[in-house]
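Here the chain labels run A, B, C, D, E and F in written order, and each chain numbers its own residues starting at 1.
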Amino acid sequence: MDKLNTLWLSTGLANFELGQVVMMLVGCGLLYLAIARNFEPLLLLPMGFGAILTNIPMAGFSEVGGLLHYVYYAGIDTGIFPLVIFMGVGAMTDFGALIANPKTLLLGAAAQFGIFATLFGAIALNAVPGIEFTLKDASAIAIIGGADGPTAIFLASKLAPELLGAIAVAAYSYMALVPIIQPPIMKALTSEDERKIEMEQLRSVTKIEKIIFPLGVLLMTIFFLPAATPLVGMFCLGNLMRESGVVDRLSSTAQNELINITTIFLGLGVGSKLSAEAFLNVETLGILGLGAVAFSIGTASGVLMAKTMNKVSKTPINPLIGAAGVSAVPMAARVANKVGLEANPHNFLLMHAMGPNVAGVLGSAVAAGILLALVGG
Amino acid sequence: MNEMQQQFIEAGTLMLAGMVFVFAFLSLLILFIKTVLAKLAVKFPDPVVPIRSRANKQNNTAKVAGGGVSPGVVAAISSAVTRYRQQNLQ
Amino acid sequence: MDKLNTLWLSTGLANFELGQVVMMLVGCGLLYLAIARNFEPLLLLPMGFGAILTNIPMAGFSEVGGLLHYVYYAGIDTGIFPLVIFMGVGAMTDFGALIANPKTLLLGAAAQFGIFATLFGAIALNAVPGIEFTLKDASAIAIIGGADGPTAIFLASKLAPELLGAIAVAAYSYMALVPIIQPPIMKALTSEDERKIEMEQLRSVTKIEKIIFPLGVLLMTIFFLPAATPLVGMFCLGNLMRESGVVDRLSSTAQNELINITTIFLGLGVGSKLSAEAFLNVETLGILGLGAVAFSIGTASGVLMAKTMNKVSKTPINPLIGAAGVSAVPMAARVANKVGLEANPHNFLLMHAMGPNVAGVLGSAVAAGILLALVGG
Amino acid sequence: MNEMQQQFIEAGTLMLAGMVFVFAFLSLLILFIKTVLAKLAVKFPDPVVPIRSRANKQNNTAKVAGGGVSPGVVAAISSAVTRYRQQNLQ
Amino acid sequence: MDKLNTLWLSTGLANFELGQVVMMLVGCGLLYLAIARNFEPLLLLPMGFGAILTNIPMAGFSEVGGLLHYVYYAGIDTGIFPLVIFMGVGAMTDFGALIANPKTLLLGAAAQFGIFATLFGAIALNAVPGIEFTLKDASAIAIIGGADGPTAIFLASKLAPELLGAIAVAAYSYMALVPIIQPPIMKALTSEDERKIEMEQLRSVTKIEKIIFPLGVLLMTIFFLPAATPLVGMFCLGNLMRESGVVDRLSSTAQNELINITTIFLGLGVGSKLSAEAFLNVETLGILGLGAVAFSIGTASGVLMAKTMNKVSKTPINPLIGAAGVSAVPMAARVANKVGLEANPHNFLLMHAMGPNVAGVLGSAVAAGILLALVGG
Amino acid sequence: MNEMQQQFIEAGTLMLAGMVFVFAFLSLLILFIKTVLAKLAVKFPDPVVPIRSRANKQNNTAKVAGGGVSPGVVAAISSAVTRYRQQNLQ
């Protein structure tokens, strides 16, 4: 009898709090999005699962001695996991299209307006009662507009760890929603004729350019923005391993097993920040709203920049590729390609959109570095 | 309200400084590509790739059908054979 | 001369203690079992090697600053390694046969009697002079009857870390001995006619069932037994990664590289607990004896339960598949198949035995959770 | 001897509570499978698999021998070709 | 304005010190050697990159909280990374040629004279003003002559961590230079006739010999030199995993993903020791000079030993294979083969040179153990 | 100068002790190979390898060309087929 009572007192049923139940439902929602809707499943599946685990009463996953506690403090609080993932992303990235058409870097720059406008918006939300974002909070939220998961997690873990869960949810959800969010904005801001524009074929890029490019990017970051060197540095290391051609086995491991292992634990660790106290409040609603705004503004900025460039440039530029400047690689580039094909069935924009697409990754990392340098520390 | 105003000013300055910096940085990168990389590309052109290897790089054009067997298939099979043997040898 | 003396004093020969020599021989014995007899080599090989290394005089492998010290405290004391392995096992497990024939879960439940009877037996052994098992010790020993390596290591590291070495040796040795221990028991408890029983073909299981199943298991564990959620949770995460079909690269890494890396270090770390003080005593003999008892009782309980169910059930149930309820996946299921084929050459029980086999994994994890909830903490 | 007796009672209670719980838990799981999962299986049946893919799922029946080449082999070769090229492209 | 000033003060340009610039150039030099010259790129590429990252002003890669700080203290200061790599190397090593022709072990022994002569030389360098090597420093430097990366890193991290960067640079650079350093020495010390000597075909080696060999090596190390057991033990574990044939999945992971992951971080961590204070001094020049001496003496000792043995032995021994005794697997063996072919186009020495080549690995590990036992601690 | 001399003596002793030890150790290993391993090799000879497997061990001699198909190729293809199916089944 006594044993049964002990057993009952140790059950989840006898110890549930409402907040935990709701957060488990949020976790299940993330699993649903990942599995049924294919929303960035590589991160949202372990993240949703981590959200469930961390909210189990009496299990102590995120308390001292719990698995998720170790994962979070060893991998995310230190910044190691997002940096290792960024190295893997660098090893997967081909900068050929960007080097062939460097002015698309301006599209990647323009799209970062989504970040800084959202920063402004986050501060404006302080007018809403119940919301009190510091400048650090606002900066961490704004980076959602960078459409780059590891960058967002890295910055949030440094500037506003208590918002990390909500920010990661928003970042990955909107990245998955790119095919839904972007097309209406792209169509509203361009004319049928503009969308029909065919672009010139890209020149071929030599091996030496691809090898020196990541080193040049790193050098410039060192000169002008050391705060961004953890992100940019690991990204360029991955890219150099890829392009150098002399360490293929390291490059392959960075792109596959290492990034997979890290992704599992990154997802679990981020999910462990989805506790009721941190997530169930008005601020999370604000973050989700701001995320949508950030993506939309970023997309619009990219398209408008491309329109302007098309008018100035000698060679034609299809404004649709500007939308790819938000990054969300390679989804945003595919969306540009698809919308282009709808207007003109012979218009293959994919390779052209890859330039602004990877430029957006660099742009976001630079923006993250600026925020770290000016707001962090 | 005073505090709020100040925050707005801070945010506005951040926006301005941030966008200026991002554009400056990526513009410099354009410059870098157009000068340094372009020069390097001229100075160290890619070596002419041997025919077999070049054929492999044309991603979707290997002729699997038809009477002849494409070199890609032969290469793939021989690679598979090698891997198979290595596994058996271990 | 002085140098040579220093060198001599630093040799192993000048510093050996008898216990260390004996434990190295134990390590060599484990290597022999692993290599020559193919006894669970994936764990016993690194474990035997770890046993040798940890007993080298003057080398300090398991002292502060030594490799095995780090491995043990980072990976086993924290519970991380067995949990990661359990995630990989989950990613390798197909619950199809169990879902198609859910009543085989009862066989997995019955076989856990091996655990609880052994607990009783361990306490009874306290009558032997020189043996003093606390309830925690007894619980950690009893889990050997679960026939599940990671579960046993996880529980032992929580309840009785000083017995971890002996428990792991017993657990893996008996798992390897399943083809020798089980058949006589199975034949003794069944008639020739019973062994000849052919079972109906299993229905096909849909994808949605396989996806929801791990979530259902996790949910029930959360409700009724939070103490089991680390084990069950990681197992279900692995299984969900497998069945969801949206994160194949994570699932593949969990089943291959990640589990391989972890297994090497888990084995080394467990081996590092094979020190003379901890292993060379009467208690170890007791543990080895109890392990054999646990396996035998578990097997018998499973078979007897299956016999009973066969009499009650409308569809025929071959009692042999009850033996697979101890888990030891997939060995026990293969043994059931083999013994069945001996009685009836057209009787393929393998798929039918997979149901109780994986049910046994869940059953052992549940039993481990009960022991943690009632005895641990 | 008193202590020993008490330990036996404890162990006996554990055995009882444990086995009851294990059976209760796994029986509930049976219920879960027979109700929730069964309903889900009816409501969301597996989509009909296209023929080629289904053929691949029949594990041991590809005709490697004979005059014709099974689609599985063609698929395997083309997959090998793709992998080979990807490796060469990197 | 204020923001821009903050931004400027946070740039690298405003904070560079000369030493950092020079060390970045050194890092670029390592990248150049790795990529353009194919000098041991697997380690020198991440190491050169790490050297750049650690010298970025304001980025704090190697300060508390920085990525390279964690990497260094978790992986190199503990000795874990070199030991894991050594396990992988063991899993890649085939001792067949050595077992078939065991007297080549003497060549591997002779080549270690490079190590001990360099130790003497390092002490002699103390006569140069500005250089003050302790016996520990001298030992760590001398191990460069072992021509074995992980061994050198392991020993240096124990005996002279502040010299680790320079020692690793020297060790890997000279290993890459083996095809340039060795041939002139080999030709100077041998006659044309000697180089033409063809050796008898090696007998085939049985599986049992290959399995017992690593265990015998380990046993002897335990008996006579426990200080070498971390290195030799992990090496033999890897080799046993390879040869036992029962844990192929572990052996494959140790040879591929695990060693790749570890190599990336080992390189970064070693690179993080390339700071201006530690590297830009006369001592580094001394180390680089001594490294070349060590390789040359090791090569010469091996060749002379082989000449002597050829005169004594009944079966012919080509003196060229003695040069392979420095290890630098498999490069040194290939060099021996190539020089042999130049003298006699029918003379394939590769397999014969593999014996002294792997013997050199064991010899260096033994030498490292002696230095640890006599000088360390 | 006295200190230096002492260091030289230390280094010299180290050199001597080290080389003696290395030679002794590796000579013992020769002994071990020539006695223990040699006996083991006689006592436990390798089992005679079945023909197909031995063929696979001849690394570079599979006949890919010609009218017949080497068993290695068939094995490789069937291995590729299996792997392909496993991937599709997951």
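Going forward, a residue touches a chain if its C-beta (ideal position, glycine included) is under 8 Å from a C-beta of that chain, and two chains touch if they have at least 3 such contacts.
On a predicted model such as this, the values are computed, not experimentally measured, just so you know.
When each chain is reduced to the average of its Cα atoms, E sits farthest from subunit D.
Ranked by separation of Cα centres from subunit A, the top chain is F. Chain centres here are Cα means. That of subunit B falls 38 Å from that of subunit F. We define each chain's centre as the mean of its Cα atoms; on that basis subunit D and subunit E are separated by 47 Å.
Measuring from the averaged C-alpha position of subunit A to that of subunit D gives a distance of 33 Å.
Taking the mean of the C-alpha atoms as each chain's centre, subunit A and subunit B sit 19 Å apart.
Across the assembly, subunit F contributes residues 14, 17, 21, 77, 80 that each touch 2 or more other chains.
Touching of two or more other chains is recorded for residues 3, 7, 224-225, 245, 252, 257, 370, 374 of subunit C. For subunit D in complex with subunit C, the touching residues are 4, 7-8, 10-12, 14-15, 17-19, 21-23, 25-30, 32-34, 36-37, 40-41, 43-46.
Those residues of subunit E that touch subunit C in the complex are listed here as 78-80, 83, 87, 211, 215, 218, 222-227, 229-230, 233-234, 237, 240-241, 244-247, 249-250, 252-254, 257-258, 370, 373-374. Put simply, subunit E touches subunit F in their complex at residues 98-99, 102-103, 105-106, 108-110, 112-113, 115-117, 119-120, 122-124, 126-127, 135, 138-139, 205-209, 212-213, 216-217, 220, 224-225, 359, 362-363, 366-367, 370-371, 374-375. Interface of subunit E with subunit A (complex): residues 3, 6-7, 10-13, 15, 24, 28, 31, 34-35, 38, 41-42, 45-46, 49, 52-53, 56-59, 61, 65-67, 70, 256-257, 260-261, 263-264, 268.
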